[in-house]
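In the two complexes below, chain A is the common chain; its partner is chain B in one and chain C in the other.
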Partner chain A sequence: MHKSVRQSMAWLHSWLGLSFGWLLFAIFLTGAVTYYRHEITMWMQPQFASMQVNQDTAVKTAYQYLQQHAADAQHWYIGVAHPAAPVNKIYWQTPDGHYEMRTLDASTGRELTLSATQGGDFFYNFHFQLYGLPYTIGRLMVTIAAFIMLITLISGIITHKKILTDFFTLRTFKGQRSYLDFHNVSSVIALPFFLTITFTGLAIFFYIILPSGMKKVYPEHPFQYFEDIQTVNGSAISTAPVKSNMLPVQHFTTTVQQHWGKTEFESITVKQPNTQLAQITFTELKDHSITRNQAQLTFNATTGKLLKNTRNDSAIATLNAGVYGLHMARFADPVLRLALFFSGLLGCAMIASGLLLWSLKRQMQKKSVRFHLGYYLVNRLNISIILGLPLAMLGYLYANRLINIPAGAPNYEIYSFFIIWIGSFMLACLMPQQHLWKTQLKVLMGAAFMLPLIDMYYLVSQHDIDSFKSYWPFLRIDLMLWLLALLAYFLHQNIHPIQQKAVRKIQTKLKTVQQGSSS
Partner chain B sequence: MIWITVTGLIWLACFGFYTVSEKQIIKTRTSRYALLSAFPVLVKLTSGIILCMVMWLLSAQFSKSISFVALWVLLSPVLFVFILKINHLGKKL
Partner chain C sequence: MISISMIQPLAVLYRLGICFGMGYLGSDLIARDLAYFLQAYFPKAESVYLAAFIALIFYICFVIGTFCIQSLKKLSVYGLVPIILLFILSHFTG
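Our next item is the complex of A and B:
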């Protein structure tokens, strides 16, 4: 039987969407949360919130630390403390090629022994390399998922024949029709965001799916590409590095401020420190375009001479930076970031409504009440992803407040995340169909409502807050949690559990069929 | 302030497109916005110009590239709330 293009696309859309929907939901939700990863990290490390940042002091103390502890290193990197991340993060490459990393107090330059929490970085890493899997496998899976997402979006556009006519249509509380409308509306209104984020996500990992080009140009060190795409090699210097004293860092910060005015730094790097070849580069924190081209200034660190710009400004490098810039949106100010976060959540809503629609449609088409393993599994996986993942994320935050993890200890927060996620799936498997949604929604609502209260108690008891200003970094996350609790309440009260609805319709249908055959 | 203005203008543009949309224009003819339904092309054009104005306003705050991205990003939440509002979600609760 020949199918039309639209029918074929609908088939492709629904089956690809189902196969990868759960993974894509997890990637979208953790990605949306990643827009606030620094804020989550601060929430999870309350001692950060009270730290005052003076970048001049932060730069000076980090520079001094590196001079004392890594004077003979090949390379220094200072992630300069700023209000969103008020500690200095430093890395250096030892003469034998290994990397060392430290977190320093920005005011005193003391090494900080922080708890083993990963904060918001856990969601960030999960988003693009799926925590727990080897990096290559995780990234490959995410890349394949992005590719599938792109196909699903395009096939969805072809399938949805009335994009403009039905642009504003959302028939609420009308069963299957409402799910389809909601799926369409959530997809169409943020379509530019979905296409951009999916394509850029795919393009970032181009070297995983199309490695041959990089291998051909860089047969021995493929990852040299990443160095070349960012910086232009100056004239090759053949002289061997000779020990030489570098100028004090204040000399450079003063010169940089003469060029840029009063500004904040994102990072400072020093190549071949304490030699006559030492180059120090300052990068500005604020990003003025989508191509991650924050202002940069490079000096010879021993003579203080301003060197020419080493940034690679070629078209392909700008395109590469644009791909990263658009995906990570580091240019976004708070309001824009909130809108991006909302668009990410809309992506989750689109995927969730698509998954639920698939499930509902199949149950409506089913003509018997016989157990069907496929439908059973889809229903259970739906709930353990759509509600189980947010529950697991809450569990991660709960663990932070309830368990103290010393540095170097196993990260029980991450264990809690996965235990709760698996628990949600097991609960869904054991629960009868009619109680599936309401039970987990109740747990989600209760957990999201209680956490801010526990947080407040914790902060007061630990003397981490003494004013509204010091409470605000925590309150903004707590307010989001209360919004999540409200959303769970809304779903619990106003949307009839989808499974119950489907069961009722099937029962009515079966009764009609039975009556028809008996008469 | 700029955000309130931008949100308001996007809302206005959405309203313009909505009143003369294929499905809605028949209802618009009998509503107090009947005048708009007499000039659908002009309404669409005005709504488009309003969106351009939004971009111009955003470019006063950000660079041109960011303001273009910002327009599309900000459209989503405003459109979503707009669609919930015009479909009377509140009344059915």
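Our next item is the complex of A and C:
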């Protein structure tokens, strides 16, 4: 098929990249913003920002709520309120196996009926299971995309034999060469990040693409694997549960603080509550490791006895936890998190420049000016993903500020997201080629610039801010939006010269071909 | 007679089928067989995870490796032989 290994790899790199590039761009962009999902949720629910969290009260009120409403449950989970997410998120498993979820006020323990917004969780869920698809299908698509990304990265590395020279070469505003150089530079800068994030993403969902091992070893209950890889002797209890009163939660929080000192909790779980087998587990908020290995303490909830650590600490279980830890980067401090966020954006830039390069290269190789459906579609899909997706994300934030969605109402924010995304594609289909980028870049620039101003007006009119300190949780997102507006402005000013140079080259080439055929 | 313009896409399709299809089949068999054998040395969950981890690495190497082979005949041999061997092995593990 091809004469050399590098040619084979270049073919694989360009065609796989094109086939999955649009999906990968969406996964990378939503993944990058997921590093700040709690901050986005807080931006979208301004009432969160003014809530003061006292974890002792939060734990006590959530525990009391569950005692009153779910005393006979099989399992309790309390996601304890903390400054980044200042409400208690609880769920429990009813005796018939169903799950119930509630959001509670951390101070009073009352059920909260907040707006139906999903906040940053929408991007988080979209990142790994897309939206509107059944979970398994969405996750399978994302896993296949991760695999293709890994193959594309490796084939890209093999293709570029002069990877170091490429790294120091950036010919700006020179048509096709600029796209290629930018593609190379953006790929090489964050290559370790891309390889890590892609492989860990693939390994997290191994059970979707390679479930045969689980089925072979656990023929009856394949999902028992998840219990076993996290805990040791998780299913060893064979005694029948008998009703028994649990100790007050303050008893445990005091004991935990004797072990850890003053610290914050991430979650509290109770297995078989209100029985003699009840086990209460406290998990610390701060992750001091890269292996998602926060400190844990487990007690018998009726006797108060500290139980042996049940976490599976074997090397392979730690590898499994490390894969999650590296992908989610819960350990990252603010500076590292910002670096990871920008690495994610570099991934988007790498994919976008690759897609544009493919399109421009094919246009330049064309020997006639006849309409070609394939190139037309690639061009339009490029713009509706590269600019349409950020526009849709802005639309999601705009909807939050302009429409009030009460609890239980349809989520118009998500509707806005998809309507704007589809609108961007339709606009791209109807626009002539020469106005394509400039029009949507103007819209993006204007929308990103205006949103912080609308946000400020909204917050002041709703009395959600009264000082710079109370404004800061919103301003940090607004600053990012202005940065996006600035990037859109830069592209608006510079994308046209690059395209013009490429068009001139195409026209010269076509003239030469025509002259050659007529003579 | 079949023209070269028809053979080319069929050859590409065959190549993709061997690389990705056979590669997947091989990885699936590795994940299954290795999980079974590793149980002798590790607990159940660990054997499943380690087997799947190795199978994923095998899949990536298989796709890249087989895509570098130019001749379709060689590709068929290098692609199919390991899969047949793994398939036979999986018959012994039940």
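The criterion applied here is as follows: the second predicted complex is superposed on the first by the 498 of 519 C-alpha atoms of A that agree within 3 Å, B and C clash if a C-alpha of one lies under 4 Å from a C-alpha of the other, contacts with A are read in each partner's own complex, and residues count from 1 in each chain.
Heads up, the rule we're going with is that contacts are C-beta pairs under 8 Å (C-beta built on N, C-alpha and C of every residue); 3 or more make two chains touch, one makes a residue touch a chain.
Remember, predicted model here, so these are calculated numbers, not experimental data.
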Inset, instruction - Name the contact category of A:Ile290: first (chain B only), second (chain C only), both, or neither. - result: first
Inset, instruction - Please work out whether A:Leu336 is in contact with chain B alone, chain C alone, both, or neither, and reply first, second, both or neither. - result: first
Legend entry - Touched partner set for A:Phe147, first chain B, second chain C, both or neither: second
Inset, instruction - Look at A:Met364 in the shared chain and tell me whether it touches chain B only, chain C only, both, or neither; answer first, second, both or neither. - result: neither
Legend entry - chain B versus chain C as contact partner of A:Ala190, first or second or both or neither: first
Legend entry - chain B versus chain C as contact partner of A:Leu487, first or second or both or neither: neither
Legend entry - Common interface positions of chain A, toward chain B and toward chain C: none
Inset, instruction - Going by the contact rule at the top, pick out the chain B residues touching chain A in the complex. - result: 3, 17-18, 21-24, 62-63, 65-66, 69-70, 72-77, 79-80, 82-84, 86-89, 92-93
Legend entry - Interfacial residue positions of chain C with respect to chain A in the complex: 11-12, 15, 24, 27-29, 31-32, 34-36, 39, 42-53, 55-56, 59-60, 63-64, 67-68, 70, 93
Legend entry - chain A to chain B touching residues, read off their complex: 164-173, 185-186, 189-190, 192-193, 288-291, 326, 331-333, 335-336, 339-340, 342-343, 346, 494
Inset, instruction - Enumerate the contact residues on chain A facing chain C in the complex. - result: 1-3, 5, 8-9, 12, 147, 150-151, 154-155, 158, 202-203, 206-207, 209-210, 212-218, 225, 228-229, 312, 314, 316-317, 319-320
